[in-house]
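Single-structure report; data block below.
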Amino acid sequence: MIIIMHPQVTDAEINGVKDKLKSLGLESNISRGVERTIIGAIGDERKIHKESLQALAGVEDVIRVVKPYKIVAREWHKADTVINIKGIPVGGKTIQIIGGPCSVETQAQMDLAAQGVEQAGCRLIRGGAFKPRTSPYSFQGKGVEGLKIFRQAADKYNLPIVTELMDVRHLDAFLEHGVDVIQIGTRNMQNFDLLKEVGKIHTPVILKRGLCATLSEWLMSAEYIAAGGNHNIILCERGVRSFEKAYRNMLDVTAIPVLKKETHLPVIVDPSHAGGKAWLVPTLSKAAIAAGADGLLVEMHPQPCDAWCDADQALTPDELKDLVGDLRGIAQAVGRII
Amino acid sequence: MIIIMHPQVTDAEINGVKDKLKSLGLESNISRGVERTIIGAIGDERKIHKESLQALAGVEDVIRVVKPYKIVAREWHKADTVINIKGIPVGGKTIQIIGGPCSVETQAQMDLAAQGVEQAGCRLIRGGAFKPRTSPYSFQGKGVEGLKIFRQAADKYNLPIVTELMDVRHLDAFLEHGVDVIQIGTRNMQNFDLLKEVGKIHTPVILKRGLCATLSEWLMSAEYIAAGGNHNIILCERGVRSFEKAYRNMLDVTAIPVLKKETHLPVIVDPSHAGGKAWLVPTLSKAAIAAGADGLLVEMHPQPCDAWCDADQALTPDELKDLVGDLRGIAQAVGRII
Amino acid sequence: MIIIMHPQVTDAEINGVKDKLKSLGLESNISRGVERTIIGAIGDERKIHKESLQALAGVEDVIRVVKPYKIVAREWHKADTVINIKGIPVGGKTIQIIGGPCSVETQAQMDLAAQGVEQAGCRLIRGGAFKPRTSPYSFQGKGVEGLKIFRQAADKYNLPIVTELMDVRHLDAFLEHGVDVIQIGTRNMQNFDLLKEVGKIHTPVILKRGLCATLSEWLMSAEYIAAGGNHNIILCERGVRSFEKAYRNMLDVTAIPVLKKETHLPVIVDPSHAGGKAWLVPTLSKAAIAAGADGLLVEMHPQPCDAWCDADQALTPDELKDLVGDLRGIAQAVGRII
Amino acid sequence: MIIIMHPQVTDAEINGVKDKLKSLGLESNISRGVERTIIGAIGDERKIHKESLQALAGVEDVIRVVKPYKIVAREWHKADTVINIKGIPVGGKTIQIIGGPCSVETQAQMDLAAQGVEQAGCRLIRGGAFKPRTSPYSFQGKGVEGLKIFRQAADKYNLPIVTELMDVRHLDAFLEHGVDVIQIGTRNMQNFDLLKEVGKIHTPVILKRGLCATLSEWLMSAEYIAAGGNHNIILCERGVRSFEKAYRNMLDVTAIPVLKKETHLPVIVDPSHAGGKAWLVPTLSKAAIAAGADGLLVEMHPQPCDAWCDADQALTPDELKDLVGDLRGIAQAVGRII
C-alpha cells in the first residue's frame, strides 16, 4: 500500500498514518519528495481497506501495490488450470465449443439440439432451465422439469450439460440431476451468497462477467468461489455494456490476454450474447479464438425462428457445424486444436 | 411494434411478417415508403418478443412503441405514489433523509448512530447487517445478530429501519425482526428470484439502480416486484459506472426528472455511494434535492475513521445535522419541506 | 512518480530504473516490501513520461504522484479566478446565465433573441455562427455574416456575445467583430492547434468538456490555453456520453465540486445539450446551481419549433425568464446571487 | 421517419404533424394502434431533422428509418472499395500492415525504422511529424522538418508514408512533401473543417474513430470527406474509452463486421493505441485479422525504450517481423493474404 500525503502535510499527520499502519501490523517507509511525501506500507496489505487509510488526516490518496485476489492469481499458481468435465478438458490445448439453445423448451427440441451439438463436433451442451429475463412477463424457464428434459436429451449423446443457476434454493435439484457445469450468469456475478454456495461444492462453474464489471471485480468474484474450496472455475467473457447502439454488447477481446496474464483459470467467450445477432457469431468466434480463448459458448436452436427466447441470436444446427469447421484454421494458426 | 423491412424486401417476406403478427393476435398496417416498407403491428405488443420478429426473413429492425412496464408506469397511474412507513411518508411533499452507518458493528456504535440520526432530524435509519463486499476477505456483516442490534438501537429512538437483503433465505429473519424497509442493492437489481420474493410481501422496498442499468431495465426490475403484488417500491439512484477516474461513480441527476415522468414511484438518491467520499456528500445531496429527489440515503458513522467499511465516505453525526440544515433552503426553493 | 517493480525483480533491474531516473534528474527512494519493491522518484516528475519508465525491464506499473497540470491547478493558485467580461464577472458570487439560440439565423431572430435574453435578466448572450454538425448535409451556420448579425443584435441590448470558434482561420474574423467570449466546443476540446491559438490572445474562452473526456484531460486542455498566456478560461460541463438511452447525455454534476477542488477556474453548465430536451432544462439547471456551478449556458429561441437546429431543446423567451426567476431561490440557498 | 404520438393525442396534433411533413415534401401514413397512433413519413427523410418534428405538439418520439449517410453506405455501393496507394491496394484480398514509430525523431531513427518496416514485409510506413499530445509540456512533434526526414527515409525503401494532419494550415506542406496517406486522428474525428479540407483533395485518408464515437457518427464523418469528393477513405478502429482500468482502450472488434455490413470502405485496426502495451499488440492483431480487418497500423521503433513518446507500446523491428509472420496463418484461415 502506498499512501500519498497532501502537499502541506504535517509531521503529526505522517505519524498518524504510521501509527495506524503499525496497529494493522505494517511497517512504514517514508519518502519525502519535492511536492509530496509518500509513505510505503510494508507487509501484507490484502486484508487492509484502502478506505480506512483514506479517511485519515493528511492523506490525499492510497494506492494498492498487490492485487486483491490470490488463489485465482497467476502470480501464485503459474501453470494453466485445466478443468476435467467427465473426461473433457477445458483450459488446455483443445478448444471446447459448447453449443445449445438459450432455453430448454420441449423434449423434442432438446433431442434435436443435442443431436445438432454432437453432429457439429461439440463435446458439451448448454441450455437454460431457469432463465433470467429482464421482464417479469417473459418466459421464465421450465424449471426443474427442464433439467430432466435436458439431462435426458444430453445423455443420449453422452454430452455433459451446462446450465444456469440463479437461486441458491435450486442447488440441490442441480446436484440431483447431475448438472455437470453450473453457469453463474452476468446478473449474478456479484450475487455473493450464490458464489459462496457454489464454492462449497466441486462442480465446475462458468462465471460470466457482469455487464460492466472490471476484470479485477470479476476475478474477485472468482476468488469468492475459490475461497470456498471450489477451484474449478471457468471465466466467460460475454460482452460489456457500452455507448454503442449498433449492436448489443461490446465484446472485450482485450480481456482475454489480460486475464491470461492475471489468472491461471480457463477463459471462454460467449459470442451470441455479445453481439446479440446470429450473423455476428462466426466473426466474433474467430476473433475470440485468435485472441486466445479456451472455448466458446454458442447459442444454437433446431428452429431459431420458433425459439422461446433470443430467436435472432441462435445459429441453426448446420450453421454451428459450419462454424466449428471454419474455426479449425484459426485454432491451428494459434497452436490449438478443436 | 414497428417492423422496418430491408430495402429489397419481397411480397413473400412482407406476408411472412403479417402472418406471424396474425398468429400473435396483432393486425398489420403496411406503409410503403421511398426507401423502406414499414409494418405497424396493431394490438398489445407487450407480451411479444422483438427477437422473434427480428429473426424473420426480410426484417431489418423492430422498434417497440409502448414501454415494456405497466404497473409502475406513470402512464397507467397518474398520481405520485406516497409510501407510508410507520406513519412516515416517502414520496410526497416531505423529503426524507435516511441516515446511518454502512454496517452494523456493535450495540454501542448503533446506539450512537441512532442518536445521531434522530438529533440530525432524520426520521428513518439505515444500517447493513448483511454486506455485499467485492472481496471474500472483507467483513461480510454481522448477520442476524446485526439485525437484533439494529432493531434495539432504532427502537430507542422510534426510528423505522432500512437494511439490505441479499439472500432469499434471510427473508424470514427480516420479517421476524420487523425490518421496516428492505433494501435491494445495486448488485442484486436483476436478481430476479430475490425480486419475486419481496414482491410477495408488503414491506416497502428500496430498489437501488444497477451499476450500469438503464432506466428501462431498472423500471422492469421494479415491475417484477410490483407484478408480485408489492407496490411499495422506492427507487434509489446511487451513481453509475463511467469512464471517469476522479471519483467513484457518476451520479445521474438526469435520471430523477426522467423517472418522475416515467413512473409514479418515489425516487431517492444515495450521495455517499455515488461520490464515494464524505466531502462530496453535501454537494451531491443539494443537487439531488434540487433535481426533485424525494429523499436521500446518507452514510453517517459515530466515528468514521473506525468504521468497518467505507470509512472515507461516512459523515460524522454533526456533519449529518449540518447537512440536514443546509438542505432546507434548497428544499424550500423547489416547494418541498424536510 | 512511484515505480512498482515485478515480484521477481532483480538488482540489475532496480539499478536500471535508478540509472534512468538519475539521467532524468531525479533521485530514488527504494522500499522493499513483502511482495513488491517500490521505487519512489524524487524531483519534478511533470516533464517525465510514465511510458518511458514503463518500458524498462522489471517494471510492473508507474504511478504519478502530482497532477500533470500546474497553471490551472488550485494547488498553485488558491483563490477563485473571476473573469471580467466587459464588466460582467464570471466566477464570483454572482451566477451568470448565458442565454440565446443554438444558431444565428436572421437579424429578426437575433433581435428577438437578444431582447428575450435581456428581459429574462441574463447579462450575456450566446449564438452560433459556425456550427459543428454531425451531418455534412445539415445547416452549417451563417459564418462571418452570422457574426455581424449577432454583434448588431447584441449591441442593441449591451450584451457581450459568446460564440463558437471551430477553425483557426476564423480567429481574425472573431477578433474583428469583437467576439467577447470564444467558445471551444466539445468536439474540439483536444484540437490542440486551436487551443494554442486562443492561448495567444486574451479574449475569455469557454472550454467545453469533450464527450468522454476525463476531468484530468479537460484540465490539461485548459492548461494548453493557459500555457500560451491566456488565463481567462471558463470550463463548461455539458453532459458526457453514457450507456443510457432515455436522454441524450449524462450531466456530470459530481464534476462541479471535483473541479472546484482541483482548479481555480470558473465552472459553468450547459443543461440544454446535456439533457437534449427543453423540458429537462429547468431541473438540470437547478441541480447545477445547487452543485456549485458559476453559471449556465441555456438555449433559448424566439420560436423553438422553427429553429434551424436543436429545435426540441430550446426554451422560449418566457420559459427562460421563468427559469431565471426559479433559480434565485436555489442560488440563495447556496449563498449566491443571480 | 416514424413519428410516435402521445397516448392522448388529439386530431389537431395529428394534423399538425401531417402539415409539417407536407411542408417538408413528405407524405403521411397514419396507423392508429391500441395504445399509440403512429405516423409514417413517406419521402426522402435524410435532410429532415428529427428535432424539428420532436418539438411539435403531441409528439412522443421520432425514429429514423434510413441511415443518415449515403455515399459511404454499402446500401448504395455494393462492392468493396479498394484504395490504390502508389500501387499498393488497401481493402482487397491482401491485408496491409502499416508499421512505424509514433513520432519522427531523427534521420537515423527513421532510416532504421524504414529498414525495419521493409524487412518485416510491410508495404507502408507510418510516423508522426505533428503529434496530438494531452499535455502542452510533452514533445509536440518535429513539424515540417519531420516530414522531410520521414520522406527521405521512406524513399530509400520505396515505402508510401502515412502521417497525421492536425491543422488545416499544414495541408499545403503535406501536399508539397508528397504525403501518401493523411491520417485524421481520434481527437479530430469531428473536426469538421479539417474533414472538409481533406474532402477537397484526392490523397487517401485514414479516419480514426473518435474516443467514444458511435459507428454512425464515425460514418457521418467519413461522409463529410466523401461529400467533398474524396472517396479514398480508410476507417481505423483504435479502441474506445470504457470503464475498464486494466488496459488503455477497449478494442471494439464487433465494429469490424458491423462496418463491413454498413459501408464499402476498407477498415483497419490500430492494436497499439487500443491496448496501449507492446505485449498486447500481437494478440489484438490476430483478433483484428480474424474479425475481418483489411489491415493494421502497428507502432514499431528501432529502440522502443528511447522513443520520445509511447515507449511502452512500440514493438522492436524483430517483433514486428515475427508478428507479420504469425499473422499469415490467421489471414489464410479467413481467406486473405499478407
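Going by the order they are written in, the chains are A, B, C and D; count residues from 1 in each one.
Throughout what follows, a residue touches a chain if its C-beta (ideal position, glycine included) is under 8 Å from a C-beta of that chain, and two chains touch if they have at least 3 such contacts.
Here is each chain with its UniProt name: A, B, C, D = 3-deoxy-7-phosphoheptulonate synthase.
Given the structure is predicted, the values throughout are model-derived calculations rather than measurements.
**Student:** Between chain A and chain D, which partner chains are common?
**Tutor:** Common neighbours, chain A/chain D: B, C.
**Student:** Taking mean CA positions as centres, which chain lies farthest from chain C?
**Tutor:** Between chain C and the rest, the longest centre separation is with A.
**Student:** Taking contacts as defined above, which has more of them, A-C or B-C?
**Tutor:** By the number of C-beta pairs in contact, the winner is B-C.
**Student:** Please compute the C-alpha centroid of chain C, do the same for chain D, then give the distance between them in whole Å.
**Tutor:** Roughly 26 Å, centre to centre.
**Student:** Quick one: report the Å distance separating chain A from chain C, using the average Cα coordinate of each chain.
**Tutor:** Inter-chain centre distance comes to 39 Å.
**Student:** Return the distance between the CA-based centres of chain B and chain C, expressed in whole Å.
**Tutor:** Roughly 31 Å separates the two chain centres.
**Student:** List, in ascending order, every residue of chain A touching at least 2 other chains.
**Tutor:** 212, 241-243, 245
**Student:** Chain B touches which residues of chain D in the complex?
**Tutor:** 2, 4, 7, 29, 31-36, 38, 40-44, 63, 65-66, 75, 212, 241-243, 245
**Student:** With touch defined as at the start, can you tell me which chain D residues reach chain A in the complex?
**Tutor:** 212, 214-216, 239-240, 242-247, 250-258, 262, 274-275, 279-280, 283-284, 286-292, 326, 329-330, 332-334
**Student:** Looking at the complex, which residues from chain A come into contact with chain B?
**Tutor:** Per the touch definition, chain A meets chain B at residues 46-47, 49, 51-52, 54-56, 68, 132-138, 140, 166-169, 187-188, 190-193, 196, 210-212, 217, 220, 223-224, 227-228, 241, 278, 304-305, 307, 309-313.
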